[in-house]
Amino acid sequence: MLGLNKKDTSLLVIVAALVMFAPFILNPFPSDSGLAQFNAGYPDLMQRFVIFGIFAIGFNILFGLTGYLSFGHAAFLGVGSYSAVWMFKLLSMNVIPAIALAIVVSGLFAVLIGFVSLRRSGIYFSILTLAFAQMSFNLAYSVLTPITNGETGLQLTLNDPRILGESATADGSIPVTSLFGLEMRSTYEMVVGPWAFQFNAGYYLCGIIMLLAFYLSIRIFRSPFGMMLRAIKSNQTRLNYTGLNPRPYALAAFVISGMYAGLAGGLMASMDPLAGAERMQWTASGEVVLMTILGGTGTLIGPVLGAGFIKYFENIFSKINDTVLHNWFSFMPDGLEDFVVFLIHPFIGKGWHLTLGILFMLVVTFLPGGLVEGGQRISRMVKKKSDDDTNAKTTPAE
Amino acid sequence: MGILEVKDVGKRFGGLQALGDVNLSVAENTVHAIIGPNGAGKSTLLNCLVGKLIPDTGSVMFDGQSVLGRTPFEINQMGISRVFQTPEIFGELSVMENMMIPCFAKRDGSFRMHAIENMHNEKDIVEKAEAMLEDMNMADKRHMHSSSMSRGDKRRLEIGMCLAQEPRLLLLDEPTAGMARADTNNTIDLLKQIKEERDITIAIIEHDMHVVFSLSERITVLAQGTPLVEDTPENIKGHPKVREAYLGESA
Amino acid sequence: MSKTNMTRRGVLKTGAVASAGVALPTIFTASSAAAYTNEPTGPNVTLGFNVPQTGPYADEGADELRAYELAVEHLNGGGDGGMMNTFSSKALQGNGIMGKKVDFVTGDTQTKSDAARASAKSMIEKDGAVMITGGSSSGVAIAVQGLCQEAGVIFMAGLTHSNDTTGKDKKANGFRHFFNGYMSGAALAPVLKNLYGTDRNAYHLTADYTWGWTQEESIAAATEALGWNTVNKVRTPLAATDFSSYIAPVLNSGADVLVLNHYGGNMVNSLTNAVQFGLREKIVNGKQFEIVVPLYSRLMAKGAGENVKGIHGSTNWHWSLQDDASKAFVKSFGTKYGFPPSQAAHTVYCQTLLYADACERAGTHNPCGVAEALEGFEFDGLGNGKTLYRAEDHQCFKDVLVVRGKENPTSEFDLLEVVEVTPASQVTYAPDHPMFAGGALGTCNAG
Amino acid sequence: MDAIILQILNGLDKGSAYALIALGLTLIFGTLGVVNFAHGALFMIGAFCAVTLSKILNLSFETVDPTQTDFLGNPLKVKTPYVMEWFGAETGAAIIDWAVPLAILFSIPIMIGIGFIMERGLIKHFYKREHADQILVTFGLAIVLQEVVKYFFGANPIPTGAPDVFKGSFDFGVMLGFDPNAIIYPYWRLVYFAFSAIIIGGVFAFLQFTTFGMVVRAGMADRETVGLLGINIDKRFTIMFGIAAAVAGLAGVMYAPINSPNYHMGMDFLVLSFVVVVVGGMGSLPGAVLAGFLLGVLESFASMNEIKSLIPGIDQIIIYVVAIIILLTRPRGLMGRKGVMEE
């Protein structure tokens, strides 16, 4: 289907189902239960899951296929965000031109940086990309403030021109981002007993774009071009002596992944029209590297899983505080309750970094292929078990 | 006029004169061996032919066109393929994929953005790669990870990949170095078969005299960066200068 | 933690189908079931405390959280009531806000505008918070203030000192109790004049981002009005850790006062470096060389250790103040946590009380009602003397403290001493002052 | 002229910190080929060794002083450090005053121990893994180390002063015939410079003149051959890791009085130290040191007002601009060896 083989098609279908039903899947706990803290099915986080998923999918096209480790990919995300917000300020609140400009500008930026950086390979390439991104960040934070609004980040104001839209709504507010009138923030809430499921227009737009991006990445992975990229990772010498020029292939991959990052940045700005310089900092570049490795470098679904994993911890674990803990363990006797809370305390709330750091180490030590390998191991175990079952049934006959 | 004409090629590395006034002519559809003791400049010469090094002086013409100043992939596209001393293949790719890449290079040139084309639609490439694997007796290994093959098989695959590009000149850099006797003989047989079946010129750098004398039609002896003699294998065998410079030493 | 049904503008809410277990979508138009975003319908009301819990300002964030928890305790009638007893408005009963028990959720801003907005959004979308408060830097405060305006909830800013928060980036739904760069300059100038005279040459080192610039502009303007000459204004990168190469040329420039427009880690390092270079022992132009740190924070001053001794700056509040309100607050905070509160803790405690009080007086949680109750509100008894929440820009006008690093501290908290309490009238400026121009409050948004 | 001399001094001082960190990093990263994102954390732990020792020396007992009150109005509890009680007020105060230099002795065994544990317990399993995996695991480790320090010491910087004799600054200007105060430089920074020169010299001498060093250098040149000689490379790697950790730690200890240590100072230096190592060239110790000093000096020059007014914001990006220029003109950095981390 869609030019994909059976296995890829079923993967795409599964991902599509997960994206479509995410508001249910991510909200398993009734909102009045103590575990509701773990629910992730609210619009902002769901949007972040898919947007960072796009970012990581794009990064994986470069890193997973060619092996070129860019340490400055956040620069493209930032540039995409800035372009999109400028579009909202100058043109209109429709997200389509904003996203389009984000992709184009980040693509151009990627051509420039990629052309220079790809003259070197290995760690030298990584440091070149890092240097470009850090330059962008430092300048965006200070000297380029007229374009980027520096520390505060680029925001919409009531006196933006918005030539195809309105500067301010009738009631004097800043207009909101929309897709031909469908407001990105409009949410349909479905209350079923103690559950409240939220279906947000912005999330579904991001989700559909993520599915397209995911589909495109499958096509790239399976295409002759994808094979050439893997050949670059495998043996550049042989590629050269096979009459193929690795440079344009690598540059094309770099630009494609830069455009993915720009798309992610544009979508971020479309969901929440603000573009901050921190989006370009090396820590942000490092984050997408971590997402990709954590999920499984070079696998199709891995980067999306890694993105979800990290964003979940950032947004859910950081919000658990001692009061919440005391609520959870209130069934215990007082002394024990305090003791348990004391034990867990360093790992939640302000300690979410610690938990994440420990999990990084555990995953990479015990699952060399990342989260995807974890999934494969589980499915193998399940399969083996069912095989054993069938064997158990068939062997007696022999 | 040979298909490959090397004229007065010289190359220095700092104080060391690696090549000095090398003249060499390889005639079309022959097997030409270049031999010489260690440090004679064989590899330097080879690297000058494929664009890895640029000679300081002289010219290298392939089929009437200069190769100097061109990058390895450009020279390859002109019709020169190179087999390395240790097999250079795409270790992380399957055998079939390894074979498809040169087919793409032959058909599409050095770069083509076929990013969303489906592999299944590339019927001509698939057929050609499969035929080539058939020729190399590797069809049964097509789904193997190429890095997990034996060295002999890797060599066979590498030669196959070079042939898939239908080159006019095949350069072999000590193709049997480090191989067991059986593998060496297999490789010799393979090369003989290639020579018989295809219109192809082969230039071979080799240490193993057994290989050299069983394959080549002409031999150039290189010593201290300059060609000593060039002649038929029979004449080379008995040549006093060669014995002195090369065979004598090794004997 | 219980959670209420939340609704906001743009939310299309289904009728709650209780027993059937199946929701039948009923589409509502813009006028949704609730009157405003996250209208609390249950017995509780949820506030969102959004502070830096990781990153360089984590300690300030932790102190803010302590103060928030204390404020919630007092609002719900627990503890000794703290400043609720001294507060001039007596609307608060100690029974939550309008009889609804106050609940809170916490989040981590990471001192990044993105993360702060994500955290605030989750409070609004997931936890149904009706008010967001917190922050320990101006960039974050402005970013979150913008978000709250769009979402239709009240934002009570925490520690944010940039003129822009209530200047060009002011918002109808945002309120600031903390003082700002202009006020620092206006408060410091007379003290500096008394101490160092009118014939001085100032050298500014300024953190190269928006807050630094507004601070530099404010201080330079205030000191130049005294007759001081500004020798140079040098911008330092935010990421700088070693300021030696910026400090080394100061002595040679002919300057005799160094103004450090830095905050947080930057301030600690630049001050430490300046003292290391022995600047304070030098005599330039026949005068003792002096260093000024316009925005002081005790928590940060601690990081600079002995280097703060004798150095002047301004602060929003200090625990050593002897008015009843400050004493009550220090007592209740100190008893609970074992150490005195910081100015960050004080300002967020005040903000929480002010919000609750405004709700009581307005009789609603509706942001527009609350905003109306806060606008032009005059109060006393929160530790800063008589204070006005100005309607034009939602900035509090109150006394500003000029402090000095103490020579002989008696404890690790006893770092600063109050030199002067500059009265509110001296730090008040017109709403259309050029340093604050360029923005508009807009209209309040109830979602 | 005097401004230029001043900035050269500054640059050398900055550079010596960069060089020390890069030296340790290049031992691990440039020669063992392990991408160690936890190296900054080692530097930070070194600084916190100084903090810890000074805290230990300041351990106090409390006596109630009824004449003073604390912030709640209760009688003030005055703290007296035990060392002052044991050794007398004066000697005790002197010991506390010298906490940072004493911490050098204190930190060496600790840092080597941490290095050993890190290598044996974790890094050892990652030699044959991809660089990406090394990044993930060492980054995770760096976060964990940093959060542990934050848990015990808080997020704010902790002042850790140099001994009183090193306070104040030295007037070079008078010595060179300039006006007084034209070129002054803090004593402690001069000490730092001298200290790093000694450490760098020590590491080079160690690698140059000991058998161990010879094997290591041979291993750097050709790991396989050394392995073939039957030399136990593994054990030497462990020792190398210990040395690298100790170098980073010492850099941190001595840095504590320059800037008050905080838990994220390692991350602040991490990116920079990678840039320094790569600009120096992978696998080259002299390259790392040279690049450290070069970038330090250039950074100092870029922060001069005269240059900043020519190119606004240049001091924000100078390091990266230089890195890009060097990497584009010299493919393997200043002194890099071929084939190290180029894939």
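Here the chain labels run A, B, C and D in written order, and each chain numbers its own residues starting at 1.
Here, a residue touches a chain if its C-beta (ideal position, glycine included) is under 8 Å from a C-beta of that chain, and two chains touch if they have at least 3 such contacts.
As the structure is a computational prediction, the values presented were derived from the model and not from experiment.
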When contacts are scored as defined above, which chain pair ends up with more C-beta pairs, C-D or A-C?
A-C
Chain nearest the overall Cα centroid
A
Between chain B and chain D, tell me the centre distance in angstrom, where each centre is the average of that chain's C-alpha atoms.
52
Return the distance between the CA-based centres of chain C and chain D, expressed in whole Å.
35
Chain centres from averaged Cα atoms put chain A and chain C apart, in whole Å, by 33
Chain B-chain C separation of Cα centroids, rounded to whole Å
74
For chain A, what residues touch not just one other chain but two or more?
138, 141-143, 353
Shared-contact residues (touching 2 or more other chains) in chain C
58, 62, 208, 235, 237, 239
Hey, what residues on chain B touch two or more of the other chains?
none
One finds touching chains in the pairs A-B, A-C, A-D, C-D
Where on chain D does chain A make contact in their complex?
35, 122, 125, 129-133, 135-137, 139-144, 146-148, 151, 267, 271, 274-275, 278-279, 282, 312-313, 316-317, 319-321, 323-324, 327-328, 331-333, 341-343
The answer for chain A against chain C in the complex is residues 31-32, 34, 36-37, 39, 42-45, 48, 138, 141-143, 145, 149-153, 155-159, 168, 171-174, 176, 183, 185-193, 196, 198, 272, 274, 276, 278-279, 314-315, 318-319, 321, 323-324, 327, 349-350, 352-353
Chain A residues touching chain D in their complex are 63, 67, 69, 116, 119-124, 127-128, 130-132, 134-135, 138-139, 141-143, 282-283, 286, 289-290, 292-294, 297, 346, 351, 353-354, 356-361, 363-365, 368
Touching residues (chain side chain A, partner chain B) in the complex:
3, 216, 219-220, 222-228, 230-231, 233-235, 237-245, 248-249, 252, 256
Complex contact set, residues of chain C against chain D:
55-59, 62, 208, 232, 234-237, 239, 241-242, 244-246, 248-249, 251-252, 265, 268-269, 272-273, 276-278, 281-282, 284, 299-300, 302-307, 319-320, 330-331, 334-335, 339-340, 410-411, 413-414
